[in-house]
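Look for subunit A in each of the two complexes below; its partner is subunit B in the first and subunit C in the second.
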Partner chain A sequence: MTNLIIAFRNLFQAKRRTLLLGSAIAFVSLLLLLLLSISKGVSNRLIEASTLTSTGHVNIAGFYKQRANSATPLITNREEIRALVRANVPDLALVTDRARGWGRLIGPGGSFNTGLNGVILEEADFLNEVKLAEQSEYKKDGEERVTGNIANFGQPNSILIFAAQAKKLGVDVGDTLTFITEANGGQANSVDLTVVAVARDMGFLSNFSVFVPRQTVLDLDRRGPDTTGAVWIYLKDISRANEVRKQMEGVLQNAGFTILEHDPRPFFFKFQKIVSQDWRGLRLDLTTWDDEVSFINWIVTSLNALSIFLVAILGFIIATGIANSMWMSVRERTKEIGTLRAIGMQKNQVRSLFMTEASLLGLFGAVAGSLIGVIVTVLVNWAEIPITNSGLRVFLMTESINLVLQPVHILTALIFLPMLTAVAALYPSIKASQMPPVQALNQGK
Partner chain B sequence: MLKNKLRSVALRSLFIAVGFWISPALALNDSELKQLVAEVDDRQRNSGDYKSVVFIEQTEKGKVTQAFEATVFRRDADDKWMLLFTKPKSEAGKGYLRLDKNLFLYEPAIGKWERRTDRSGIGGTNSRRQDFDESRLSEEYVAKFIGEEKLGKFDVHHIALTAKKDSEVASPVLHLWIDKASRNILKRQEMSLSNKLLRTLYYPGWDKKFSKSKGADVYIPRQIRIIDEVEKGNGTTVVLRDSNLDSLPSNIFTKAWLESQSR
Partner chain C sequence: MFEELKVLILVAVRNLALHKVKSMVVGGILFFGSFLVVFGLSILGSVESTMSQSIIGSVAGHLQIYSADARDSLALFGSGFFGRDDLGEINKFEDVKAEAMKHSNVKEIVPLGFENALLARGNLLDDLFEKFRATVNSGEQKEIQLLKESVKSNLLNVKSDLQNELKITSIPEEINKQIADIDIALSDDFWLGLQTDPESTLLFLESRIAPLSGEKEPIYLRYMGTNPDQFAQVFSKFKVIEGTNIPSGERGILLSKRIYENQIKNIVARGFDGLYRGKVIQRKKIADDVTLKTLASDLPKQYLEVSIYLTGENRDSVSRSLRSFLKSDSLETEELIKQFLSVTDDNFTERFDYFYNNIAPSIRLYPFRVGDIINLRSYTRSGFLKTVPLKIHGLYEFSGLESSDLAGAFNFVDLVSYRELYGRMSSEGRKELEALQSEVDIQRVSEDSIEDALFGEDTVIETRSESQTAQQASLAQGFNLSFARTATENYDPKELNSGLVINAAVILNNPRRIQSTLNDLTGQFEKAGLRLQVVDWKQASGTLGQLVSVIRAVLLVAVGIILIVAMAIINNAIMMTTLERTKEIGTLRAIGAQRGFILRMFCIETLTIGLLATLTGAMAAVSLLVYLGQTGIAAPSDFVSFLFGGPRLYPTFSFDLVLLAPVTVAVLALIFTLYPAYMASKVSPATAMQDRE
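Let's turn to the complex of A and B:
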């Protein structure tokens, strides 16, 4: 306690030094929090976008091989699999399935290859979560109002596309698009689809998906009603996804299905491997949501790596500053150290005094940085600052800057920075504690 | 004057009536139709090997026209097919190889083989593998006679072809306009299963080459003009040159040979 009071007093006496170092530490703390909140924002957005557009929390998909050198990403016995999920997953939030197609979407202004998601309207909760784009977002001189109506989705041959897609295809709500694909057997098939709604972009993932009623995909592919692309399981607790995947593998195996060895990649990366395998019939492939988006996890990984790199550099600079400042403090306060030692203060107490001083400085800086961080986060999210650069929008998977600051981030800053400053002050503290009292008193004269 | 007019009207009516009366006789019956399709196949078929240089020009709306040069190799007896790009430099060494009814694409830049379907465009153009392959219409399709028509200055048979069950073709429905005089295809239209017109192909000229292995002439299109009917403004022109029906080395229809061409 005495140490704490002396350390506090010392910091108070060296106001200018405390203010300068404290500000630097607060800046590092703020930067750390902002980087963590950007990374968390992107990570949350990735989960949100992926589980809306391309994957359930757990997916039961698979491949059907009619002959050795072919593979179709589809499963049969859809109803049976869905029933097994309902009977065996206790914390099930929703079970649905998506018919999958792949082909070329052609509009008056352009065309691109895209995945076709066949949605069961009654089970498509995501439609309530999809935000529709204002006309001005995808049409030159368009109005600043939403022209589509999500309620029209589900009409035969209706299609929901994203704003960037509408821009590329040169279409608006009510226009017709042509989708060309290879039906079962490899023959060309096509359908004319009416755009009923244009949704706001969801970054990278929304580039490769459009939504149509399930029946449209079945008709295009000439497939039966008991087939589908993948059965999607949504859980009340997403963190249980891997556990449920393993559990369902056992359940399906017991029900007589053959399961492929777990390969944590999206289904489209597995084609070549499956095509080269020598078996026929149906094999199921179970994945979790993060397996299906593993190919874009690099975004979160690189953001984290960048955060660590920046904080490490700034941390090093701060640590050097602290060490230097403490060393100067030791030299300036040699007489004080000698006096303290002469009146009976032990070596470890002297060491502890300087380290406490540095830790306190780190803590004050971290607290100040955290407070500013919270204010900045609230203000940035409130302002909904739009991201104007399209590449950055795709990278961050959001239209506006979205920061997610969690208590654990603040706790990290409050623990990490005092520890860093304490470590930085270790060498000067040891030097101070090892100073003989007589010599210290003489030097201080 | 009136008499002359009446006579002219009467004569025209007579011609029309005769025309209607004789038109069913112009329709091909089933065996004639089968024979016609078989003849179209046979005229293009070579029992031995085939090699030709092809120039492919791709036009796309709002984009710069692209041009490629490639060599097509065929061994019809074994159902083998290969296309090797030679120009431009950026595409040289890239190639397609058909093995056991599977089509593979080799990308020398990354040294990888990828499986492609028969519907995928060759080099991203509107041309497909089957445009460069031998004709197997009678094996793959069931023909229906549509009528006698005039295509420009040519008298043609217009026939429709529907893919047989289990035949592995990209186009489920075809329409062909066959020159009555030369028996060469002049126009071809490809539909999707939903009967949407996808591509129109014109064959403005055919070359005739004597095949030693067949012991007869083989007809090879001199040029194919492909019009994308869905993405309006897109199209491909294929020009075939230096066709050769001599035997090819036995080892060329392999992945190793194609890979070696880019080393």
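Let's turn to the complex of A and C:
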């Protein structure tokens, strides 16, 4: 405690030095927080976009092989599987399923291949969270208001598409699109769909999927009512996804299903390998959400790597600065140290005194940086600063800068920086503590 | 003046030696900063230059021209959509070419157009029935009998396939009808017909039964239509490595070696290749690496891809050889293959060699080879499916970019076939259409409306596969929409230099004048009344070009932040030495040093240590770059190898940067010294003497 008071007093006395070093530390802590919140923001967007468009937290999907050399991404026994999930997953938030279709969406302005998300209307609460795009976002000279209505989704053959898709297809709400399946066997079925709403883009994940009522997909592919593409499980706690996947594998196996060995890739990478396997009938394939988006996880990984790299270099520079100023401070205060030692302070007390001082400085800096960080985060999110570079928009999966600052981030800064400064002060502190009192007193002259 | 400088430098050196810790901190940070700037920017510059070579030398050229009416931007390496971008059309390439070639800096202009296609792989029973028809016609009774049994056993398989289909379909009545058809074909009465009315029997099999067996899984292929000869001449990295380029005036396709090896090759062989890359080249362990583990555990499940090709004598000899290799006494060939394909870290290398030496020669490693004909199926502009048969003339790769998926993404077809897949007919196709129209007596309609009429009217249409029988069927309906040519049919090479293209690559004589040539051409086209836009290779590359801009921006911001923090620390360090040296400064002032002298003293001190440190930092960076320039930096992934222009990056550096960067950093440090130096110069002799007492 005495140490703390003395350290505090010392910092207060060397105001200018404290202020300078403190603000450098505050800057680094601010940067650390911003980097963490950017990468958390991106990974949140990734979860949000992927769990809306392409995956549940846990998926029970699989392949149905009518022929030895086919692979249809389809499962049967839909009701049974859903019941098993409801009975066996305790912290279930929602279980639903999506019929999966694949084909070409054709509009007056262009066409592209996309997956169809066949949605069960009664379980489509998520649609209320979908942000609709203003007309001007996808139409030249369009109005700055939302023209579609999500409530109309569910009318037979209605379709919900995303802004970039609307732009490409050259359609607006109310227009008709044609969808042709690319069904295997050279037989193509098609259907006309009416655009009921246009949603905001979610990076490139949203380019590859559109929403239609489940029945539309079943009709297109001529599939029976007990089939579906995948049963999607949403958990209250997404971090339990892998655990639940393993648990459900066991449950389904006991119920007589055959389970494919876990392959952490999205289902569309698995066609070729399934095609060349010799079994027929149904086999289930359980994956988690991050398996299904593993092909874009590199964005989050590289953002994290970049943050670590930057913070490491900055940390190194800061540590050098701290070491230097503690060293000087030690020399400046030789006499003081001599006095302290002369009146009975122990070596290790002197050492911890200097280290306390350094970590206190680190803590002040970190606290100041965190405060600014919180303010900056709130301001940036409030201002909804749009990202104009379309490349960045695609990679960060968002239209405006989105920062997510978590308490754990602040805690990281509050622990990491004082530790760093303490380590940096280690050598000067040891030097100080090893000074013989008499010599110290003399040198001070 | 000179005298004073000499004194100042002497004093500076003395002070630097005296305050070793401070000198080391300031020097160290500056050394590090300069190192980082020189090294980082050199690597970035090298990557930009290799990447530009990759992009320019593969398909982009220096400039790209496309229609000003395009709704999408040109993105050669993908726009983030899986489909056709609306790039407008250049209807008369000859006009564009004539106009562009007027510019003295334009060396060549290459017509292009690109699209995704499905590789239609044919029906499983088609081949068998074709063989059967030939045999029946030949009248060889023994052969006919043998094949008949084979047909029957295949029909039984199809029947059980359809029974599987019954479990998931919503139209069981239709499937049941199909099963009934199969039952007819399996009945003895049906086969009696082979004697009396062979044609009806064969037709029933070909038209009613064959479609039921379903198609092999299709493969997506990205193709680029161009003038093959000109392309090979202009793009220096382009290299045909098997077969020949598409000969002038002939139709055909040139496959990417990368796609051929990574998507088309037998999946078991690909598994072995992938494991070889991971285990032998990258030195990973199957037991530790998730990707390799999955590859290894999938291998035995794919035994069918080996066993299916082993028939008759081959089967026996492979089984025998495997039995002795595996020291197994199993009699089942399938069982032996499964055992063989269960590879581990210990047995992999041995089995890899064995596979290629003893098994590969007996199986089909590739479903088709150079010289074969494949069917490309693509959507025309208006969304109608069209199939065009094309001969594979050869395989190509871009030198240095062999392992890059991006560079190897395209397969090349002649422009005439491209137009056909695009839905635009060649002059001969047009004549054919006119002939057909007069035959069936319908009024001439534009190409678009033919397709629209067929496609747009009904909500649900069915187009049968474009196999022989389907074409016959559609002929009967009115006219043949595929205008089927044979794969070897020729065309007039002049067609390559005129007519429809989507975009065109421009190669310049002097690549340094990209921007000015771009502006000139834009102006020229406008004057000539051509609605075109010209973009440089970076813009034309799409998301890829943006990625590099993003990396560049991020790196510059990072360097900026690092420098700011470094300067704050330096400022702080100098500030503290100043405070510590108040007494000394006071003494100096007392014995007659002017304020300016003190200021200069501090500045020279920073400049001395600054230049010393930053220049050494730059030299260190240069030595590392020279070393790496010799050994190269290995590309960690296939994607990066495209950026690196090859499997390794050999970084270079520019002397401008090596000199400019350290001086800039030192000057920055000097600027941050000004304030502490100014503070020091304000020290009055009196206070300085009083201090510490």
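Following the convention adopted for this analysis, the second predicted complex is superposed on the first by the 441 of 445 C-alpha atoms of A that agree within 3 Å, B and C clash if a C-alpha of one lies under 4 Å from a C-alpha of the other, contacts with A are read in each partner's own complex, and residues count from 1 in each chain.
Note that in this section a residue touches a chain if its C-beta (ideal position, glycine included) is under 8 Å from a C-beta of that chain, and two chains touch if they have at least 3 such contacts.
Computed from a prediction, not measured in an experiment: that's the story for all the values here.
Partners subunit B and subunit C clash in the overlay (superposition on subunit A).
Legend: residue contacts after superposition of the two complexes on their common chain; A:A197 is shown touching neither subunit B nor subunit C.
In the superposed model, A:L160 makes contact with neither subunit B nor subunit C. Shared-chain residue A:I317: touches subunit C; no touch with subunit B. After overlaying the two complexes on the shared chain, residue contacts for A:V217 are found with neither subunit B nor subunit C. After overlaying the two complexes on the shared chain, residue contacts for A:I410 are found with neither subunit B nor subunit C. By the touch criterion defined above, A:T76 lies against subunit C but remains apart from subunit B after alignment on the C-alpha atoms of chain A.
When the two structures are aligned on the shared chain, A:F112 is found in touch with subunit C, with no touch to subunit B. Shared-chain residue A:P225: touches subunit C; no touch with subunit B. Contact comparison for subunit A: of subunit B and subunit C, C touches the greater number of residues.
Of the two partner chains placed by the overlay, only subunit C lies in contact with A:N207; subunit B stays clear of it.
Overlap of the subunit B and subunit C contact sets on subunit A: residues 69-70, 106, 110-111, 178, 180, 182, 185-192, 222, 271-272, 275. Subunit C makes touch with subunit A in their complex at residues 21-22, 25, 28-29, 32, 36, 71-72, 80-86, 116, 118, 120, 123-124, 157, 160-162, 164-165, 167-171, 211, 213-218, 267-268, 290, 294, 297-298, 301-305, 379, 382-383, 385, 455-456, 459-467, 470, 543, 546-547, 549-550, 554, 558, 561-562, 564-566, 568-569, 571-573, 575-577, 579-580. Touching subunit C in their complex are the following residues of subunit A: 16-17, 20-21, 23-24, 27-28, 31, 64-72, 74, 76, 104, 106, 109-114, 164, 167-168, 170, 178, 180, 182, 184-192, 204, 207-208, 218-219, 222-225, 227, 261, 263-265, 271-273, 275-278, 280-281, 306, 309-310, 313-314, 316-318, 320-321, 323-325, 327-328, 331-332, 389-392, 394-395. Those residues of subunit B that touch subunit A in the complex are listed here as 62, 100-102, 114-115, 117-119, 163, 166, 168-172, 190-194, 196, 198, 230-231.
Partner subunit B is touched in their complex by these residues of subunit A: 69-70, 106, 110-111, 178, 180, 182-183, 185-192, 222, 271-272, 275.
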